[in-house]
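The letters A, B, C and D name the chains in turn, as written, and every chain counts its residues from 1.
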Amino acid sequence: MRNSIGTSVILTLFGESHGEAVGAVLDGLAPGIEVDEKFIALKLAERRPSGPADTARREPDEFRIISGVFNGMTTGAPLCILIPNVNVRSDDYAANAGLPRPSHADFTAHIKYDGFEDWRGGGHFSGRITAAIVAAGAILLKALEDKGVSILTHIIDCAGITDEDGFEEAVLKARADGDSVGGIVRTEVTGLEAGLGEPWFDSLEGALAKAVFAIGGVKGIEFGGGFEMTRKRGSQVNDQFCVEEGCIRTSTNYSGGINGGISNGMPVVFNTAVKPTPSISVPLKSVNLETGAEAELVTTGRHDPAIVRRIGPVITAVAAIVISDMMALRHGTGYLASK
Amino acid sequence: MRNSIGTSVILTLFGESHGEAVGAVLDGLAPGIEVDEKFIALKLAERRPSGPADTARREPDEFRIISGVFNGMTTGAPLCILIPNVNVRSDDYAANAGLPRPSHADFTAHIKYDGFEDWRGGGHFSGRITAAIVAAGAILLKALEDKGVSILTHIIDCAGITDEDGFEEAVLKARADGDSVGGIVRTEVTGLEAGLGEPWFDSLEGALAKAVFAIGGVKGIEFGGGFEMTRKRGSQVNDQFCVEEGCIRTSTNYSGGINGGISNGMPVVFNTAVKPTPSISVPLKSVNLETGAEAELVTTGRHDPAIVRRIGPVITAVAAIVISDMMALRHGTGYLASK
Amino acid sequence: MRNSIGTSVILTLFGESHGEAVGAVLDGLAPGIEVDEKFIALKLAERRPSGPADTARREPDEFRIISGVFNGMTTGAPLCILIPNVNVRSDDYAANAGLPRPSHADFTAHIKYDGFEDWRGGGHFSGRITAAIVAAGAILLKALEDKGVSILTHIIDCAGITDEDGFEEAVLKARADGDSVGGIVRTEVTGLEAGLGEPWFDSLEGALAKAVFAIGGVKGIEFGGGFEMTRKRGSQVNDQFCVEEGCIRTSTNYSGGINGGISNGMPVVFNTAVKPTPSISVPLKSVNLETGAEAELVTTGRHDPAIVRRIGPVITAVAAIVISDMMALRHGTGYLASK
Amino acid sequence: MRNSIGTSVILTLFGESHGEAVGAVLDGLAPGIEVDEKFIALKLAERRPSGPADTARREPDEFRIISGVFNGMTTGAPLCILIPNVNVRSDDYAANAGLPRPSHADFTAHIKYDGFEDWRGGGHFSGRITAAIVAAGAILLKALEDKGVSILTHIIDCAGITDEDGFEEAVLKARADGDSVGGIVRTEVTGLEAGLGEPWFDSLEGALAKAVFAIGGVKGIEFGGGFEMTRKRGSQVNDQFCVEEGCIRTSTNYSGGINGGISNGMPVVFNTAVKPTPSISVPLKSVNLETGAEAELVTTGRHDPAIVRRIGPVITAVAAIVISDMMALRHGTGYLASK
């Protein structure tokens, strides 16, 4: 699968940070989904760097839908969306060519791709590719909304600060030091039917985790009570059943909406741990890949001192893709069509 | 995929808690892997309940290899392994039929399978199926060892206690109260080559996470510095490079051996959050699935008050399967053959 | 995928000719399909050698359903079916060990599996494994019948003879000469909805072809007018539309019920070319795999002088699996449940 | 999978006849394959209509590689190739909108895609998409050549004529009558190693067949002796072994280079049946999809009176993709890198 995900609704990614464009192919879409280009643009805007706390690389993200849409509706044929790269400055990277940035993918890309990787700006590993994820996800996010499913991701912890009023300050302070910070974001999926997911390897937790770990910088995920719950007793965190307005619900949601890998009708809730951005201007030790000698590296280029804000729309997008896939598999390929 | 995982080496699970047997099919194995039945039995023994802190259901786990092995070596054809169920007591469950256990898969299985699920002992959702995972994983664990790769999982936190001398006491105390506890286990993969995994959806983190979340009771996973690292700055947790005995290494391992989804040659380290076992004898609220009325439930049957000990060999097994798959994909189908 | 096929309904095969058993796992079944063991036995009987024109190896084909069925209905969890091998005579093969039979899989298995293959009776390549296909297919064949879909396969050519009264004589004559014959079988799927299949790689033709070519001895497949139609003009073989009882139909069926890879509502019709069975007792040239020396081979053992009769139920079974998969993908996982 | 094919090397198609562009994503390529744009252009030229016997729609096929290539070599990241549509005349189709062309995909597309299909020029079903297949295939064809593997496809029968000097005349004669003809093409793969393919569902025959049936107009495929061989006896068509220059070979090749689904080292040979092009200007009966009334249809637009010539490079391309995938799976992801 590699750069693809999904069984019935399948996303494939391509593109590099400093190439002509990044893009995605969405295959297996229901015919008859309304494609709202304004909504896509809105979602791209949510991901786009905008304030002083974000990278100085500002891309217009003007996307083009190459295929799969006719008269404003999906046809059911593969939808290819292309987002040209405009604001590229490869020279920023030339100075450090051959010096892998610590905790970045430079070194592993070099090993995996045998020295043939496009190293400019992180190449195919760049966060730039997430623009294509967000654009593709927006199409499904809209279709899910029509089915009453909402997905929202927000920051709950930034640089150890849990009061949202302090997030920007913490990031700017790190930036002033040429440093970076991480954080934790929470995703909540509401309105989701019970019965999605599989008992073993395609559990809803596993499918969401696999999709979320694709995003650079993610180092952990927990559902419902997560790690904290491991210190509790079963009697404290078992979600007891109740009947609400004729529906079977649970009075608490330590399970994060999932039992045995399958959604139970309660909100699906998960937290994602985002590490501090590896690209910082504090001098760090690297090794010259050609000479094998240790060397000091000062990362230049334009970077985010924290991606915790910009990662939200990306996690929301992959969650939309995973859930759409499971709904299409359960209810049939035409299920997500607009009414 | 559902009950299967893998691209080049593929595991498929089947079986129910109270059916004739549980089992697995391993397809895509290299021909010429030595199959050491004693090693498989040993791994099954590590998972098997044994002490006072484990369930009273004691299965002999006498496995039979149905296919794919000839003269003690894998043939390359699919290997089917069968583990009969012997010690079954379905009556324990009859009393509570129709009353889903809180935080267990009973309710979601009922919704997903439209009332046709085999509900006896958790059916296909039962931890019993993990015996088949362990048996299949043992074959690959041995093959990986021959390549210098070791995988070990141990408890780092049980019921909030981090001193391993206190684990059993905490579990027995919970059992005495008819209650259960959770914990955190750490898995370390050493000797792994750099270059395994894919940049986007088949990241090593994503693949391991998907496999680990298949196991009942898992609610979180974090790699390297994980959630704790989100509160640090980049300058504190970036893994700086160094040269050791001619090899490029990092002087710390906050990345948990993975950058950009790809192994970097350092140990792969991840923590798994295991919730308290849902089956407890403390009375809890349920809802009768036939009448829709709220009801009190006291779970009987034989259960583990904590699966944190028994889950270790299962996580090790799925990690072995995931890593073997990636190595076979990278180096070819015959790579894991014994010398 | 290797020994598996399908996206929503997935079949996995295992077993060897002279091993303990052959078997199959069917995953992704709708919960609530009635499992009629008598019907399975009937389909197995249709495949079983019975007359003087068939192999002398007579297996009782007593199958056991290991999992996935509860109270006579599928649960939705993977269904494993096991068919023990009883009538095994490996000694027949010992004499010719190391001498690959011409046009058989002995040589390619040896190369592919690096000498580790179970060569007894063809091992995993044996037609014996098709018993598992037929058993698994029978479950879906029944479910399809409930949806009005019938699949039938019959011989249209045996040893060049097209009059069915001459088939057995032709086979017996070949057997008397220690030789074998081939033939052509036609499969007709009636009652199939329009709209199944995909434009490019999962065309209905491609999916059926892939499944049919899995069966040993198949060397060709053609749909509708097939090879003969290549000599006609478009005006002769274009299937013109008409309206019949309010439905859009075509007045001819040169397309074999499929256009652009997608079913059009007319019967799906395809012919399968089955080569003469390679195992004959006429002396043939082989090469000793150990010494590399040319050698003469007289195949002993018990073989069919023609598999053209016994292949029918197998083709029907794989067609049922392919079509069920496509229907489940289109209409949802629960679609094939019995009413 | 739908518009994708492959396990280790994966092709995904997108685009419509009258959209902005057609294209393909090739994922799982070895890093370090030389990408020869002139060779790609050459292969596209072989497929391009050129003479009086081809369609009047002449596209320049100026492709752009969007990603996955750096300094003229594959990086290992997904390679996206885009071929803009330039010469589009949708008006040709407007007159017949709602009237499906007999034996074309118009009707099945309409049913499958619920009326949302892009019907202009056949939309996603158009032979135009095969330009993307040829471009993608060219990259692998070149890599295979470096490994000593050649793939060639040539016409052996056109309109029932087997003398190649008569092919063009037969086509022009049909065109003069506003009619079309079909034919048979033969593909030969030489230099292929023994051991590629799988015993059951990923047989080399099955994988090639699935890929070839994706191409519009294909109605049959046969390997080696194919349909003709069904009328022979085993003693006549069993390929006896011999030793040639120290290698085990067979003295005949009725098996078409494949036994038990696996290549045996002899040339892989298969014939593909191509039906007469359905788009002809002879009046035919159709049915108005909106009114349900029968109607006469005269297809206008620019069409090939025979695709038998232009299909050759497409079959060669899909064969290259299938074989590359199997080689990468067997020998590892880096195997096809240029030296």
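We adopt the following convention: a contact is a pair of C-beta atoms (placed from the backbone, for glycine too) under 8 Å apart; a residue touches a chain by one contact, two chains touch by 3 or more.
Here the structure is a predicted model, which means the values were calculated and not measured.
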Contact-richer chain pair [B-D vs A-D]: A-D
Inter-centroid spacing, subunit D versus subunit C (mean Cα positions, whole Å): 26
Whole-Å gap separating subunit A and subunit D, where each centre is the average of the chain's CA atoms: 36
For subunit B paired with subunit D, centre-to-centre distance based on mean C-alpha positions, whole Å: 44
Overlap residues in subunit C, where contacts from two or more other chains coincide: 1-4, 7, 13, 77, 112, 124, 199, 334
Chain-level touch network, classified as line, ring, star, complete or other: complete
Contact footprint of subunit A on subunit B as seen in their complex: 1-5, 7, 13, 100, 102-105, 107-109, 111-112, 124-125, 129, 157, 159-160, 174, 177, 179-184, 194-195, 197-203, 205-207, 209-214, 216, 218-227, 229-243, 246, 248, 250-251, 254-256, 258-265, 271, 273-280, 282, 284-287, 289, 292-294
Residues of subunit B touching subunit C in the complex: 1-4, 10, 12-16, 19-23, 25, 27-28, 31-32, 64, 66-68, 70, 73-80, 82, 112-118, 123-124, 334, 337
Complex contacts: residues of subunit C adjacent to subunit A: 7-8, 77, 199, 329-335
